[in-house]
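One chain, chain A, links the two complexes that follow: it is found with chain B in the first and with chain C in the second.
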Partner chain A sequence: MSTLSLTGVSRWYGNVVAVNDISMALGPGVTGLLGPNGAGKTTLLHMMAGFLAPSRGTVTLDDDPTWRNPDVYRRLGLVSEREAVQGFLTAYEFVLASAKLHRLPDPAAAARRAIDLVELESAQDRRIGTYSKGMRQRARVAAALVHDPQVLLLDEPFNGMDPRQRLHMMQLLHTLGDAGRTILFSSHILEEVEQVSGTVQVMVAGRLAASGDFRTIRRLMTNRPHVFAVRSTDDRALAVALIAEPSVSGVELDPTGLTVRAGDYGAFTRALPRIALNKGIRVRQLVPSDESLESVFSYLVEA
Partner chain B sequence: MTLIATQSLTKTYGGRVTALADLTVAVEPGIIGLVGANGAGKSTLIKILLGLIAPTSGQVSVLGIDPTADPAAVRSRVGYMPEHDCLPPDLSAAELVTHLGRMSGLPRTAARERASEALRHVGLYEERYRPVGGYSTGMKQRVKLAQALVHDPDLLLLDEPTNGLDPAGRDAMLALVHRIGTEFGISVLVCSHLLGEVERICDTLIAIDGGRLLRADNISAMTTATDVLAVEVSEGTEELAARLAELKLPVARDGRLLLVPLADDGTYDLILGAVAELDLPLHRLDQRRHRVAELFATRELTHA
Partner chain C sequence: MSTVTWITARGLFGRRRFLLLLPLPLVLLGLAVLCRSLGVDPGEWGPPVLVGLGLAVVLPVVALIIGTGVLGAEIDDGTVVHILTKPLPRWQIVLPKLAVAAGVTAVTVAVPLYVAGVLADSVRLGLALAVAAALGALAYSALFLALSLVTRRPVLLGLVYVLIWEGLLGNFVSGTKVLSIQQYVIALADRIAPTGLLETSVSVPVASVMTALVSVGFTVLAIDRLRSFSVAGETS
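Then we have the complex of A and B:
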């Protein structure tokens, strides 16, 4: 169990501020790092991995700084965005080289274990040059995992993978997170982040805009009414009953059903079942329309 | 009119690698999603549709024309947006798109006008006079889309149009593709890995796997409602599960969701009653839908 902590971290390149005063603590489990292009995600990951010095603030892994401290690589692995694999090596040779670089006591066994973990055994003796994108990505994850690190950082691991390969990579991240490792990955594909992990760190223009479970983040945006789509046996009667509720700020009737705007999430979601039962209206559908990670993200970026 | 029709289309490379195997499919105009794993044969299919390579055997027709026999006729009516970046960095978008318009046979002035119109449609305004080399990924994708539109085609082939875009860029690109398909009345074939994206903008879906047709159908037919109700409460999931079990409803858990088989309309009342009685915040009550992703998930199981 390891914790990666950032305290007041900034990084600037000349006059350009890439990362601006970020503090966070990452514990075991899977966390998604989100943000528009140019938000500073890669800069942040590189500082976490000790490739870049923070201009201000500190990045520590269990109280040891990651910058100028090669010892952290015993506990930390990074899968970078750029693909840098030697196509002439087989996956086994590639992972073995990584194991030897870490001076592991039994590099061959470690390499086999890592390849096993990413389920690449059947192809391990083929040259990486012949691999598909997803297989290459898995070989790189195996190389980053070979020394069994407590912390794994991945920059855009799903890029260019097909649905099956992404499903597989997601399962792998889940397994690693459940086993108590600290996993941080950046991604643009929000519906998939939503599936892998509800816990996110959102960066906008170099700053940390929000962190935590995105559902909790949504509840905290009290200035935005929660929007629900409701369908029932008698929409009009339900609309009349709902608008009388103080927690409801607006109701719209359209041919397919009701759109309800609720100012107070807790009060509305508790009131709806009660009201429907009292009025003898059968609710056939209640779907939150702006609770997905995608809408939470766009609210954060707009703000 | 059938937009694209293939009949036992087969393509083998060097007699050993089979990219397409006996593919028979017919699609109507609209927005069509083409999905499949890497190496499933999507790119080969697109190249055959464009008349860039000839099939080993079988027939193909695009807009009623056979691309093997008359590739020039097909390409004059089809726009193609390639997956990879292929833009000369020192040209401006306006120059490049005008040039490609002239390559499609437009006269000089018409090409310039059409280029300016196409660039405006994709949302490039003043930037169009700057060299392409300094563009962001999103802007480059827009230039690629504009050059596919410049000769006013009847069909667009888009290969991974949202690759490398951030969420806002993806949204804008998807909205644009949807607009081209609905407002401009141009049919669009979109290749994508992101099934959620395909579900959002396409009417029809073609899924291929290992060069064979997995399924071709309307999206609505693939996302029909199931006989399972998904219930989500933002707290007290355990209590609700226990209460529903007492009411003799067979409850299954799936992450934060409780899944209850929908026997008849009474099931709705039972669930609502239980939620009201326990005074829990009801977050979601909905019939589960099939998802396009299941197509691949079930295959995964059969492979294992």
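Then we have the complex of A and C:
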């Protein structure tokens, strides 16, 4: 069991602060690193993986610094976001080379085990250059897992995967996490994190905005006023009916339609069709006007 | 063969860039054969073909293509991360790569130089050129390998060194010749096979010491830079 600890870690490039004073300790299990694009997730992951020196603070794996310390790679695996692979190698050669570079006692067996783990046996003798994006990703994961590391860091691992591959990767991460490995993966997609990990670290604009149990954070995110733009055949009548609804906290009527503020996301979205049906009103448009992840994040930051 | 050596060699020969290596040695060989078959006096074609083309252009340019390719190409496309995430002391990455670069450069350049040397004068000159070129290949490779770790534009900087520093300044400012690998190679070749064809401008001790210094110094620099190798995120 290994713990990856960050203490007051910052990283800046000239005047730009990419990561700002982050402290966290990652233990066994799966943790999601959630944040919009440009939040500094990759920079943070690179510092964890020893590919970038923190401008301030320390990153340690079981008390050993990760920067300028290749020995940590005995316990740590990294799957970077850039899908760079030696396309002229077959997946088996690629994973076998990793096993040999790790000086494993039986590299061939380790390579086969890792390839089995990511279900790439049937294509293992084809050149990686001929692979789809998702297959390439799996080959890279196999190479990162070949030495059975205690800690696995994955940068946007679900990018470019089809739903089946995504599901399989999620199961794989779960299995590894349940077996006591420390798994951290980054994502900018809320649902991915929700499905894979119980614990999340939310990063916004270089800072750690929230951290802890996913459901608690999700509740923070959902129990806030949601704003919807609604257009219907009779906006005025709909406004009257909606304001009587407990889940609705406010309605504005303007020439383009209704702006509805709902305190409870679920209750409102269930109530609207019922009300419209009862009143004989046809709803033409229902647009959640602030559902972009960024707005959810900015809410989290302000909360 | 170590795994790093194997991957480096596969990467080098697997890229189209490798084909760039072929024309220059072929031109050198072709010119030497042509001059010899036309009966031109070796005193006339020897210096421009052996030194002007062979040692001043073919050797450094081939070394540049290979030396910046063995690590620089992997840094460019990001595959270097696979080797760096292994618990290997960094010298175990730099030395095999340097060996591949110097070895392939030496073979590519020494063979045509040997043939040209034999055609121009004697087997002894051919061997002298081949040995000196192999030593030069090591020094150039160490320099260009280190360059690919200290700058994002190793090829450009390497070309500036070869063309401007060694090629141009060497003709006008004699002091620059002390820091010119090309001059070391000429001095060493002339020491092994003294002929009237090679004009030396640095002494043999200087050439020997400097070749060793350049080779070791830039290798140490490369190892140290690889220890602190940073990967910039695409979004940062």
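The definition used in the following text is that the second predicted complex is superposed on the first by the 218 of 303 C-alpha atoms of A that agree within 3 Å, B and C clash if a C-alpha of one lies under 4 Å from a C-alpha of the other, contacts with A are read in each partner's own complex, and residues count from 1 in each chain.
One rule holds for everything that comes next: a contact is a pair of C-beta atoms (placed from the backbone, for glycine too) under 8 Å apart; a residue touches a chain by one contact, two chains touch by 3 or more.
Values in this document were obtained by computation on a predicted structure and should not be read as measured data.
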item	value
First (chain B), second (chain C), both or neither touched by A:164	first
Chain B versus chain C as contact partner of A:266, first or second or both or neither	first
Touched partner set for A:37, first chain B, second chain C, both or neither	both
Partner chain(s) touched by A:285 [first = chain B, second = chain C, both, neither]	first
Which of chain B and chain C A:190 touches, first, second, both or neither	first
First, second, both or neither for A:180, with chain B first and chain C second	neither
First (chain B), second (chain C), both or neither touched by A:53	second
Contacts of A:89 with chain B and chain C, given as first, second, both or neither	second
Chain B versus chain C as contact partner of A:97, first or second or both or neither	second
Shared chain A surface residues [contacts with chain B and with chain C]	37
Residue ranges of chain A in contact with chain C within the complex	13, 18, 37-38, 40, 42-43, 45-46, 49, 51-53, 68, 70-74, 76-78, 80-82, 84-86, 88-89, 94, 97-98, 100-103, 143-144
Residues of chain C touching chain A in the complex	3-4, 6-7, 10-11, 14, 77-79, 81-90, 227-236
Of chain A, residues touching chain B in the complex	34-37, 132-134, 159-167, 188-191, 215, 265-266, 269-270, 272-274, 276-277, 282-288, 291, 294, 297-298, 301
For the chain B and chain A complex, residues of the former touching the latter	35-40, 136-138, 163-171, 193-196, 233-234, 265, 268-269, 272-273, 275-276, 279-287, 293, 296-297, 299-300
